[in-house]
Amino acid sequence: MHIRVINPNTTAGMTTTIGEAASRIAAPGTRITARNPAHGPVSIESHFDEAISMVGVLEEVLAGEREDADAYVIACFGDPGLLAARELTRAPVIGIAEAAFHMATLISTRFSIVTTLARTGIIAEHLLDQYGFAHHCRRVRAAEIPVLDLEENGDAALSRLIEECKRARDEDDIGAIVLGCGGMADLTDEISQAVGLPVVEGVTAAIKLAEALVGLGLGTSKHGDLAFPRPKPFTGRFEGFSQLIPIR
Amino acid sequence: MHIRVINPNTTAGMTTTIGEAASRIAAPGTRITARNPAHGPVSIESHFDEAISMVGVLEEVLAGEREDADAYVIACFGDPGLLAARELTRAPVIGIAEAAFHMATLISTRFSIVTTLARTGIIAEHLLDQYGFAHHCRRVRAAEIPVLDLEENGDAALSRLIEECKRARDEDDIGAIVLGCGGMADLTDEISQAVGLPVVEGVTAAIKLAEALVGLGLGTSKHGDLAFPRPKPFTGRFEGFSQLIPIR
Amino acid sequence: MHIRVINPNTTAGMTTTIGEAASRIAAPGTRITARNPAHGPVSIESHFDEAISMVGVLEEVLAGEREDADAYVIACFGDPGLLAARELTRAPVIGIAEAAFHMATLISTRFSIVTTLARTGIIAEHLLDQYGFAHHCRRVRAAEIPVLDLEENGDAALSRLIEECKRARDEDDIGAIVLGCGGMADLTDEISQAVGLPVVEGVTAAIKLAEALVGLGLGTSKHGDLAFPRPKPFTGRFEGFSQLIPIR
Amino acid sequence: MHIRVINPNTTAGMTTTIGEAASRIAAPGTRITARNPAHGPVSIESHFDEAISMVGVLEEVLAGEREDADAYVIACFGDPGLLAARELTRAPVIGIAEAAFHMATLISTRFSIVTTLARTGIIAEHLLDQYGFAHHCRRVRAAEIPVLDLEENGDAALSRLIEECKRARDEDDIGAIVLGCGGMADLTDEISQAVGLPVVEGVTAAIKLAEALVGLGLGTSKHGDLAFPRPKPFTGRFEGFSQLIPIR
Amino acid sequence: MHIRVINPNTTAGMTTTIGEAASRIAAPGTRITARNPAHGPVSIESHFDEAISMVGVLEEVLAGEREDADAYVIACFGDPGLLAARELTRAPVIGIAEAAFHMATLISTRFSIVTTLARTGIIAEHLLDQYGFAHHCRRVRAAEIPVLDLEENGDAALSRLIEECKRARDEDDIGAIVLGCGGMADLTDEISQAVGLPVVEGVTAAIKLAEALVGLGLGTSKHGDLAFPRPKPFTGRFEGFSQLIPIR
Amino acid sequence: MHIRVINPNTTAGMTTTIGEAASRIAAPGTRITARNPAHGPVSIESHFDEAISMVGVLEEVLAGEREDADAYVIACFGDPGLLAARELTRAPVIGIAEAAFHMATLISTRFSIVTTLARTGIIAEHLLDQYGFAHHCRRVRAAEIPVLDLEENGDAALSRLIEECKRARDEDDIGAIVLGCGGMADLTDEISQAVGLPVVEGVTAAIKLAEALVGLGLGTSKHGDLAFPRPKPFTGRFEGFSQLIPIR
């Protein structure tokens, strides 16, 4: 099984971190290929960053189709371009926010999210509403760490995250914590041990959900509103998307 | 990995069907043990049947704990005793209704449920509300097949199910169908081929979710409201539950 | 009118307390019979306790049917087995949680719940959602009193309850308080006087709702999903439930 | 116990009908006084009619306070002036729509409403939302009968109502029907017998809820947002409301 | 364009304040006529005050119809009589609470309300629910200023409001503040400058929405449940409403 | 006042249609500049088309900032890039879907949407949920007209739209219809006359809302989660977005 993990930002170091975390958790027969777009923001911390990143995400899905990927993971906690990506393939496509939410509800009745910057909280809130998990999340908390600090300033970031997770544990009446950034994929164990309750991280959760769906023979439905896009002209720099024909 | 699949009713034939479907879908390293309680209803088609079945489900979880089960699947579409079962173990416990709902939302934006008898529809509605998936389900449909007809009257039941699934496909504006009974675990492929859109079945979905959680090192949170029950006396026929001490 | 009050736990002292509170509030023509199962937990403080208690609740409803009960009250704040019990009879069946919620919304716009242990809060939350009262409840508070302390350690428990109710009054922007345990049935007046706002207790509320429904000639609908269960074999220790035929 | 039943419209014949239905259902010790305002619409079939009727409803509550009423029933299915009325008294005040909704959820999992004119459906929808019962109501149906036809054209109205109730029974997947007009208070038995499932009518339901609350010693909370209005000048024709002081 | 602004209370000074704020914001071609009823409460601070005020609001709409008003604004934050007023005219009718909510959601993802007295908070909560904005409002805050203090005690009231708005800014995770009283129509600029984030005030918002709807040629739908009321007799002091015939 | 109308697709003819409709409705002092991106899909009929179109929308907002636009309208019914666009400017940004929803709720209690292709219905459903209008919309209907048919095949498209709108009027229990595509901006009058109830179209509605906000001195909040994006490097073809500094 070939799972293509797409880091929507263009920071190669983070792609490596994410890819390694994905590989560690993958089943024996699973091959992980981690990619990031050549074009886009170095980190995603706003609606704007997220909107621009979608183009790269979608191009990487199309690339994955040519390389026979069996499933896709979008490794940014806002799940940018998720439904658009699903339209492009018969394979399953999993966002790491949704993956973490699904898993958290299977092991606890209520969870809190600990994310990077407060301004991204609204993205999580909108996803919780759309996916149906708003009731299961007690609180969206921010550790006020810029995303790239997770790479560049790892120790301080980890301390800050652990501190906020402990607050969630003590104040929020929860059973589990969801980590709100793909760049935290390698910190799960340390945080979980320090905090003492289950910590759900999206990249790893998404890998296992992707394996699960492929194992079940289930892929994105092509009946109804996730069918392949109608082929049509695109202009200018996006001309390459014109007359998009599904490969398989 | 050892997954204990608990069929909450006492019909051994259905336990075999469910166990075989589970084994077929399981990963190479996964061992399935399918059990049903000695005590309880031969099928579950009402709140009453469901309430009585919970005792057996919980006894089977305790038995599983003694046999080092790594995860549990409750194989009845009402997810009877799910939260109670979670209290008894550090292992993950998955209900087949929730499993099917989770998987269906990953491959479609909207789904319908096709279940056995209309009177069980309310059970599915309550679960959709509690789990957060009410918005993702367009309609709960009943094929009006008693549960045991799936065993005893298989061909007629299959035709009836396919017919109702086709109606769902044509009328409900959906991308996927969820089968609403554990006894349909071996019919998924035939129905899916006949109907032409993804059909999600809970037993198989639950096995893959259980494997995923075990793979992630995630189990039921023992922090907060799913902690082990406080040990206490039980009287009469339930005396055996007194002073319940977690094994691990 | 004969109202059967079922205490789902097996502590006879609590059954007496509940029965006396019920009798005090009952109308002149109402006869109260309070019962508890012979088999089950001595108190209900978890999903597990609740699941096991359901068997006893349902057996007591069947016993009540043989003794011509006109209505049933399930006197545990989780309303264990409520819908199953309704399937067994044409008489009305009232849970004390729902009773308290209904009454509280008739005299205030918003209320808080003060219950025993924090871990049972999730049970109240799920009921509020299912019944439709989530918006009317500002907060679920726990006094952190084990249920049997209400019997064995009455004075300390009462002080603790009053303290938590005062916090609810001062912090929660509410008009009324709901007491979250059947074992508090005899404390309502003292708490209400100490706290100075209406205190709604479920056992007493349920008695009056049961009288109201019987007075209206309304009983559990046998049309649709609360119809009598389809008769079927039960195995083992539950064989007695086989071929259940409605008495009236 | 003295229950003041207020018919918000000014049609005395309907007040009589409502009062008689209330008296028939009342407990032996309950005295019913039925009143309608001198000023207002002869029937209530719009937001406008409802808004004007509130003045009369509130004047009748103040009159009831002088006559020691123990509880109030507002006998129009839009519950006009309900929260305002509650502010004026320590006694309980019950609207017939809320009363019927509460009772219907105690005997069924889902109900439909059969009301008079389609244009009043939105009033019921808004109440269902505010009270929390939107999920329990499958459908609001109109028999397209003007309110006064219930008085003047009784037989035709009754046939039309029975016809619509039968449709609700056969098409709506429900266990009970709620009648959506105070003027139907005397038709419940006939409709229920013709339709064959429980029919809940608001006037009678409200009487029993009022008796229940008085029996419990519960009245409108004067803590928080239902406290007596701050006394203040009113001008012109409403000068009489100036400096309103609670009598008890 | 002629916009009739109706102050539902009878304090002429507040009508002047509101009218002046409306005139300042109005487009060049817009004529504002501000009116208050002759009959009613001098301020609106309860459900009771609001219910009584509706009669005057509706009479002023009828007066406006005779004077060819092109749109109406109801200038009290509870939007008293809004749907009833819409029934009386083809022109658009805007409540200041709804106007402020609409505008606040267009410039921020989440807002808080700062209103006068805590007891009116429930009115705002009910409107947020009915209009669909409950999710967009983080918190309803009260400055605990009686409405008329805005007129009589302006400086102290302004300081208190600014203080509460700063708390909202610092504690509520919001992007905008909604002022919860028509009497604050002239304070918006000062508060906004002091607090440093957008402050939305309902009177001014409603004028611009009214202009917008008139510009679009859109008025209250006369198809369905906002059609003109069916003409009918009104008795007593409300006889003047009998046989109400739309003027245009 | 300068309103920049951005047609997110690259079909210049549609931009002209939209710009003309905007100019016709604009107030005397309002200058409309209609633009479409050079790069992107010729029409937007899927999540994929929408995701790609966002880049162009955001570039046009940045261009508008250099040309002193006072407000922006995003003229595609999925409101693509709305929150991202708001981050880039202090000016108000209005999506045509939200604009139409807001206006429709001010003139009716319930509306239906008539859109182009069924597959885009889910986009409208997600927006209704996020904005809070799900309860106000009875039904999302598709006329099954590809977007460009509105340009190329106008008469047939118009007939088809009128037909579907009449069905909405007759079957949906509504007071108004919302047109679900920017390309219908010039058809509103014809449809409204043919159907006989208010028809709300988003481009025109958005122009008036933009004028209203500018008139109120309200722009996108820069406090909280719609603040300007943190400046950061973008790579490759999006390098131009690096170190984005707000112009004003």
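Annotations for the structure displayed:
So that you can tell them apart, the chains are marked A, B, C, D, E and F in the order they are listed, and the count of residues begins at 1 in each.
Methods note: a residue touches a chain if its C-beta (ideal position, glycine included) is under 8 Å from a C-beta of that chain, and two chains touch if they have at least 3 such contacts.
In this text, all values refer to a predicted model and were calculated from it rather than measured experimentally.
Path length between chain A and chain E in the touching-chain graph (shortest route): 1. Common partners of chain A and chain B, by the touch rule above, are C, F.
Per-chain Cα centroids separate chain B from chain C by 29 Å.
The geometric centre of chain B is 44 Å away from that of chain F, both derived from CA atoms.
As a whole-number value, the distance joining the C-alpha centres of chain A and chain D reads 52 Å. Looking at chain F, residues 83, 86, 109-110, 118, 121-122, 129, 135, 173, 224-225 sit in touch with two or more other chains.
If touching chains are joined by edges, the resulting network of the protein chains shown has some other shape, matching none of path, cycle, star or complete graph. Every pair of chains meeting the touch criterion is listed here: A-B, A-C, A-E, A-F, B-C, B-D, B-F, C-D, C-E, D-E, D-F, E-F. Taken in their complex, chain B has these residues touching chain A: 25, 27, 83, 86, 92, 94, 98, 102-103, 105-110, 131-136, 169, 173-176, 196-198, 200, 204-205, 208-209, 211-213, 215-216, 218-221, 223-226. On chain E, the positions that touch chain C within their shared complex are 118, 121-122, 129. Listed in rising order, the residues of chain C touching chain B in the complex are 10, 37-43, 45-52, 54-55, 58, 81, 83-84, 86-88, 118-122, 126, 129-130, 146, 224-225, 227, 229-230, 232-238, 241, 244. If you check the complex, the residues on chain D that touch chain B are 109-110, 135, 173.
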